[in-house]
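There are two complexes below, and they share chain A, which is joined by chain B in the first and by chain C in the second.
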Partner chain A sequence: MVLHQLFKRLLYAIPTLWIMVSLIFLLSRVLPGAFGEQQLLMADESFYGKGSAQQRTAAYEQLLNRTNQQLPLFYISIAPILPSATADYSYLLPDFEWHGSQNQYHLWASQLLKGSLGVSFASNRAVADSILEAAGNTIWILLASMVAAIALALVLSISMVQHNRTHWRRFILSFLIVLDSLPLFVLSLLLLLLLANPDALQIFPAFGLSYGESAGLTGFQKIAYDLPYFILPILTLVLAEIPYLTNQLYNALNTSLQSDYIRTARAKGLSERTIILKHALRNALLPVITVLSDLLPVLVAGTIIIETIFAIPGVGRLLVSSVLARDFPVIVGIVVVIALVKMLSHILADVLYTIADPRIKHKAA
Partner chain B sequence: MRKLLQDITYLWQYKWSFKLALTYLGVLLLAILALPFLPFSFGPNELHLSKVYLKPFSDATHLFGTDQLGRDVLVNSLYGARNGLFLAIPVMLIASFFGTGIGVIAGYFGNNTFQVRLKSLLWFILTLAVVSYYVVYLPIQLNELDQPVKHIYTSWAVGIAISAILWFILRMAAYWWPLLQKPILIPLDGSILRVIELITSLPKLLVLIAVAAFAPPSVVLLSAIFVFTYWTGTARLARAEMLRIRQLPYLEAAISTGMPTHRILFKEAVPNLLTPVIVAFVFGIGGLLTIESTLSFLGIGLPADFPSWGRTISGIRSNLSAWWLVTFPGGFLAITVLALQICSYHIVRLNQFKA
Partner chain C sequence: MRNRYLFLISFFLFFSFCSQPHRQPDEVRVRLETEPQTLNPVNYTDQAANQILNLLFQSLLSADLADDQLKPVLAKELPLIEQKDTVTLITYEIREEAKWADGSPVTATDVAFTLKVLKAPLLQNEQIKPQVAFIHDLKPDPKNKRRFTLICEEFTPEMELLSGDFFILPAYLFDPENLLQPIPLAAFTNSLSKLQNNNNLKAFAARFNIPEYSNNGAVLQGSAGYTLEKWVPGQYITLNQKQNWWGNNTGATNLTANPERIILQVIPDNNTALLALKNRQLDVLEDIPATEFNQLKTNKDFIEDYNLYTPQAYSAVYTGINSRLPKFKDKATRQAIAYLMDVANFIKVTQLDYATPTVGIVPPNLKKYYNNKLQPYTLNPTKATNLLKSSGWVQRNDGWYRKENGKEQKLTITVSYKAGDNVIESTALIFQQSAAKLNIPVQLQAEEGSMFTKNMRNQAFELFFRTLNGNPFAFNFSPLLHTSYAEMGGTNYTGFGNTDTDALLNNINKATTTDEKAIHLKELQRVMLDEATFLVLYYQKERLAIHNRFDNVKVSGLSPNYDVSAFTLSK
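Moving on, here comes the complex of A and B:
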């Protein structure tokens, strides 16, 4: 049953994903400004600018050849009109050209189906390798921040639903609204200014990871060495995640506290604590499964901003630096990876939900 | 619409935080409209290279200090507000307009009511191809080649003529070939939901950064991507509201009196779903302000001479002790977003209690 559902979800999700990723790929090539055009063709005082115009054009063509950018973009195209075509109005007839499989889209797509994300324009490395290396840092930050955020959100929402805590509830809710309206990059910069600044409190190291310093160490020693560098980024991400998480959990808890079985539990004379922890919380935790997969956009935005600000070599920073270098294969590769992760997390959430709540399975059957 | 105004006056009278937020937003709106006429001694892009990283309140002319190029932080914060809102408000207006329209159509027609004849469908598809070639693509190409204007007019005329001829041919063909008269059911709701799902299949910031990376920085392009990614939220909301309204007796009454569809939609349905759309609009402006300054903080998508909160804040990256570069524009940004959120929060709460 679950497997059947999983298969059906995959079948529905894959075409959507394929169209979106293809669109991003085509957009990356169709918009003006090829990689290297600016550096190689402009005559200025930079490194490449000193050669003659002929040399520069030759170098540019070589680059286009190496990166396959000289090939046509898609299977079919309309030939560009020539200035001479206006004399006899022949431009009014579209001139379709068929390119066969020698085009950028076909090469990219067939590589992708074989599991390869292509080769970076800038560093000539396989994109998958760069992403895998960067993901090693990103995943730990994301996991740690999610675990901490869920724990904190649980504590906060349980403390808010208790009857005699009106002032506390009001305080927490307004605090969360203020926290939610602070943009993530401002929040992390403020934390950086407060907690990692020689002028204020210098508790944490400001930037980067301990390059080299921890190279000879292994296991726990290495983790202990790197840990201080991760604390501020994780703290920022936790602060970015808790408003949404707490709100959802609090609402779910409130709804389940109004149901009949809670009244029965109260009538039995159970303590408020047992009612919340044993009866209400279990049902309130169900929606959280979907909430976690909804968090993905926040996490993506979070890693992009946090890794840029705290100079952590992760996926987010890789994305920003390849955007600034116009390194299209890396950008498209990251888009493909995130799209895959999003699809899988949605499907996983659905399956977990059916396993956790048998009522849904019965309804579907 | 009148109900929304009633809500606002009620909240204005009884909720101090709503009153404060609305007053702040009103003052801000007036200030940014009057900004070019205010007597500032320097513009937002004016450099004073002899006065870089000036501390706030230390110099009478630069009250909030200066950044790494000697640009005044106060003036830049004000112009950042102006540019941010001048980008966010039109983008959100267009996105809400399209989103509401598409959502209402999806919710009203559903999957089994919208029918067209095969000939009209064929004509629509063919004309779309013809128009996009002769009316859009070809004139752009001709314009790039600096050809005389008469060729552009010829191209437009040919495009319109071909679609007219196609219409006649299909009409004639339908007499001999009854298959063309066959009505075809179009699942509007399903296809619109599919498109929305497609656009939201990737996180917004990722799409924005990826597409903004491919083209040279430009405000117009960025606004276009914003509209493209933001209409889906309003469309979902308007669709859900329309599905609810469609079940109400008054709409059934309107349909049974034989009111034309466009009148039902505009006069009966749309005014009743405006409140959630406006709440989403206010909420969306806050989100757009955040995303716009995030992008210009990262240096992606917006031109470098575009004064923005994010651009001023990014000065901190070259000098960590310049706290005023973050506090003033960042605080300004956070307070504006907070005010917008408080406004929409109160309206949502009020409507929740009534329902």
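Moving on, here comes the complex of A and C:
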């Protein structure tokens, strides 16, 4: 039954995903400037000219041809309205032009259907390879920070709902409000300045993923060597996420604790700890499933900042450098992957809902 | 008991992170702000790639950062240049000692092969193709396989540098099947459409246009003193010194490969890079923000280990006024605007005094060419008021008015600049405040980079601030200032110039002696200052730190501001 539902959800998701990535493809091309334009056509802010403007334009055209950027963007285009061109009012009607299959969207879509995300304009490498390589670090950072943030949020929210901890609750809530008001880049810089600075505490490495000395290490040795480099980025993401997560969990737990079955449990003489952990928590976790599925895009956005500040190679930094260079295949490739993961996480959340609360399954049926 | 164990484990775990990685004294670790997109020696796009490729490959000529002079590298000496009718002949001889990684000599055949790769269709060579378009053919010396003459069209001042400023590729490694050998170099100059169907070229393109020619150390082996050991994307690039490198035997001070290992660490964020420097995990850091640079100056611990440098850069900030607009057509109005440029404040606020005011486009450190008899514009609202009045503007309560083509027009200024450039943005803000003193409304317009350039080309601007780059070798100002570039879409955005200035620019380009060139350049500076259309405000200074365990660092205003291959360990 669950598999059937999963399959149905996947089928529904495909057209949505296709529309989403198609829009991203078309919108990315609306960005002003094209790949290579900056270097070839705008290299004139200098009194040391490397070739004439005519030669640079010819080279730029060669580049456009090589990367298919000279082709029309889509199957149809609308010609600009030129009132002076006609004497009557026919110019008010849109003038559509059909380009056939020789357009950028068609070429990209055919490649995607064959399972290829294309080739990077800048590095000439397969986009999938570049993303896979970069995702290696991002995935670990995301997973570790998600797990740590959830665990910490659980511990904090459970400790706050306990009756005898009013001062603790006030302190934690104030701390979380302060933490929530800090932008991610400020938080990461603060941690860096506090914990990787010879003028303060020099506990963690300031940048990167090892300084190149980990070559030759294997397995556990490499993990142990690389671990310190991951601590600060993960800590930053955890601290950025716990205010929201803790708030959601705390509210859900509080609501659960007002229920009749909790009153019954209390009347049975169960301890506060057992009531929270065994009875209230399971029901409180239900809304958290949705929160977790929403966490992924937030974390991906966060990794862009984290990877830049801590000099860690990852998908976020790859996306930023691709946008700056107008390396469209990489931009669209990353967005396709993120959209796909996001879609899958939503499907997974739906499935988890039905598992956690069978009433939802019956209602849907 | 359990808590004690937990405490002990946490304690040891905590302090296990405290030690910073051990550093080798003979390795140099340099920061890269951005990772190179590619290390393809014919299609690289960024400064980082240029810096690395200079350690792997060599060109015929290059700037020696010790004295900012153009010096022979693979070439035995500076080229012999002869101008004959419409062609220029540039003759080079390659050093006898020059060898490839496999020990074979570098010859004219390699130069011819390189030029074919640079000029060929089908190959990914768009970045460098325009630079060598003026070279039509190469005539090898039949008696000396290391000597050759480049046949070039016409003459421009950059030719000497451009003819020797590209990396020479090893034909034996890049084209082991000699696919390009049967095609003469001259064929790559004219009708390229025929070549596109050439089977040899197609086969070579299929071989060359693959990622291995952009990132593989086994392929990227030139005649310079280093080999590419490893490129870990997004993290670092390591280079190793070649054993028994030929350059060590020449005695030339600009041919060096001293450090055993060079690590180029990618750190995009400035704050992180500064921390890495303070942690002694970087040996060189350039582009240090002025505030942090001043802090480093006063940090005693830091100064014990590092030297700080502020070489004069060849990068200037300038303002352009659109002289085609009726309100800026007359010189007096433009001069009035120039008197509202508070250059001293620009330098103080945006550069913390790490800049030098200039009277014109020639860098002030080039004493021979700089016109030191002129005085740059300084903030002077009184002079600005008088100049506006003299050009017909009438001051009222709400601003300045003048009749243009029968219609009354208010003097307003829209300042355009590239969004995201803090220096330029602050400059524009200071100008806005200065203009407000005279009741001239100034609107600031930050534009996305490519949109900004597009608007410049379309002449859709009033006044802009931007940066200008140059070098001490070539002064071809024609694309910026000649009237032939002033049409719509041209690079003379401001509309500067007339027949006299065009003649002056031509004379600068044709000057055969430095004395003659100096006279013309000084005159150009005078005219530009007087016209106030294209006003260079100041030349910037670089700010960098280098670990003091190194000597012979060759700090310069030329990028990358130091020669890492020259570093030697201090005694």
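One rule holds in what follows: the second predicted complex is superposed on the first by the 328 of 365 C-alpha atoms of A that agree within 3 Å, B and C clash if a C-alpha of one lies under 4 Å from a C-alpha of the other, contacts with A are read in each partner's own complex, and residues count from 1 in each chain.
The definition used in the following text is that contacts are C-beta pairs under 8 Å (C-beta built on N, C-alpha and C of every residue); 3 or more make two chains touch, one makes a residue touch a chain.
Just so you know, these numbers come straight off a predicted model, no measurement behind them.
Asks: Aligned on chain A, chain B and chain C: do they clash or fit?
Replies: Verdict on chain A: clash between chain B and chain C.
Asks: Kindly classify A:F328 by the partners it touches after superposition: chain B alone (first), chain C alone (second), both, or neither?
Replies: first
Asks: May I ask you to decide whether A:L112 touches chain B, chain C, both, or neither, giving the answer as first, second, both or neither?
Replies: neither
Asks: Touch test for A:L296: chain B only (first), chain C only (second), both, or neither?
Replies: After superposing on A, A:L296 lies in contact with chain B but is clear of chain C.
Asks: Touch test for A:L190: chain B only (first), chain C only (second), both, or neither?
Replies: first
Asks: Thinking of the overlay built on chain A, is A:L239 touched by chain B (first), by chain C (second), by both, or by neither?
Replies: Neither partner.
Asks: Give one of first, second, both or neither to describe whether A:I158 is in contact with chain B, with chain C, with both, or with none.
Replies: The answer is neither, since A:I158 touches no partner chain.
Asks: Using the superposition on chain A described above, determine whether A:I312 touches chain B (first), chain C (second), both, or neither.
Replies: A:I312 contacts chain C only, not chain B.
Asks: So, A:A122: does it touch chain B (first), chain C (second), both, or neither?
Replies: Only chain C is touched by A:A122; chain B is not.
Asks: Is A:D199 in contact with chain B, with chain C, with both, or with neither (first, second, both, neither)?
Replies: After superposition on chain A, A:D199 lies in contact with both partners, chain B and chain C.
Asks: Taking 8-16, 44-52 or 278-286 from chain B, which overlaps chain C after aligning chain A?
Replies: 44-52
Asks: Per the definitions at the top, what is the overlap between the chain A residues touching chain B and those touching chain C?
Replies: Of chain A, residues 32-33, 189, 192-193, 197-199, 206, 308 contact chain B in one complex and chain C in the other.
Asks: With touch defined as at the start, can you tell me which chain C residues reach chain A in the complex?
Replies: Answer in residue numbers: 14, 16-18, 20-22, 29, 34-35, 37-38, 40, 45, 121, 124, 126-127, 129-131, 133-134, 156, 158, 161-162, 209-211, 214-215, 230, 232-236, 238, 263, 265-269, 271-273, 275-276, 278-279, 281, 301, 361, 448-451, 453-454, 466-471, 473-477, 479-480, 485, 490-491.
Asks: Chain C touches which residues of chain A in the complex?
Replies: Within the complex, chain A touches chain C at residues 32-33, 36-42, 44-53, 55-56, 58-60, 62-63, 66, 122-125, 130, 133-134, 189, 192-193, 196-199, 202-213, 215, 228, 231, 308-314, 317-318, 321, 325.
Asks: Quick check: in the complex, which residue numbers of chain A touch chain B?
Replies: Within the complex, chain A contacts chain B at residues 16-17, 19-20, 24, 27-28, 31-33, 78, 80-81, 83, 86, 89, 91-92, 94, 177-178, 180-186, 189-190, 192-193, 197-199, 206, 296-297, 300-301, 304-305, 308, 319-320, 322-324, 326, 328, 331-332, 334-335, 338-339, 342-343.
Asks: With touch defined as at the start, can you tell me which chain B residues reach chain A in the complex?
Replies: Touch list, chain B to chain A: 133-134, 137-138, 141-142, 145, 147-148, 151, 154-155, 158, 194, 197-199, 201-207, 209-216, 286, 290, 293-294, 297-300, 310, 313, 316, 320-321, 323, 326-327, 330, 333-334, 337-338, 341-342, 345.
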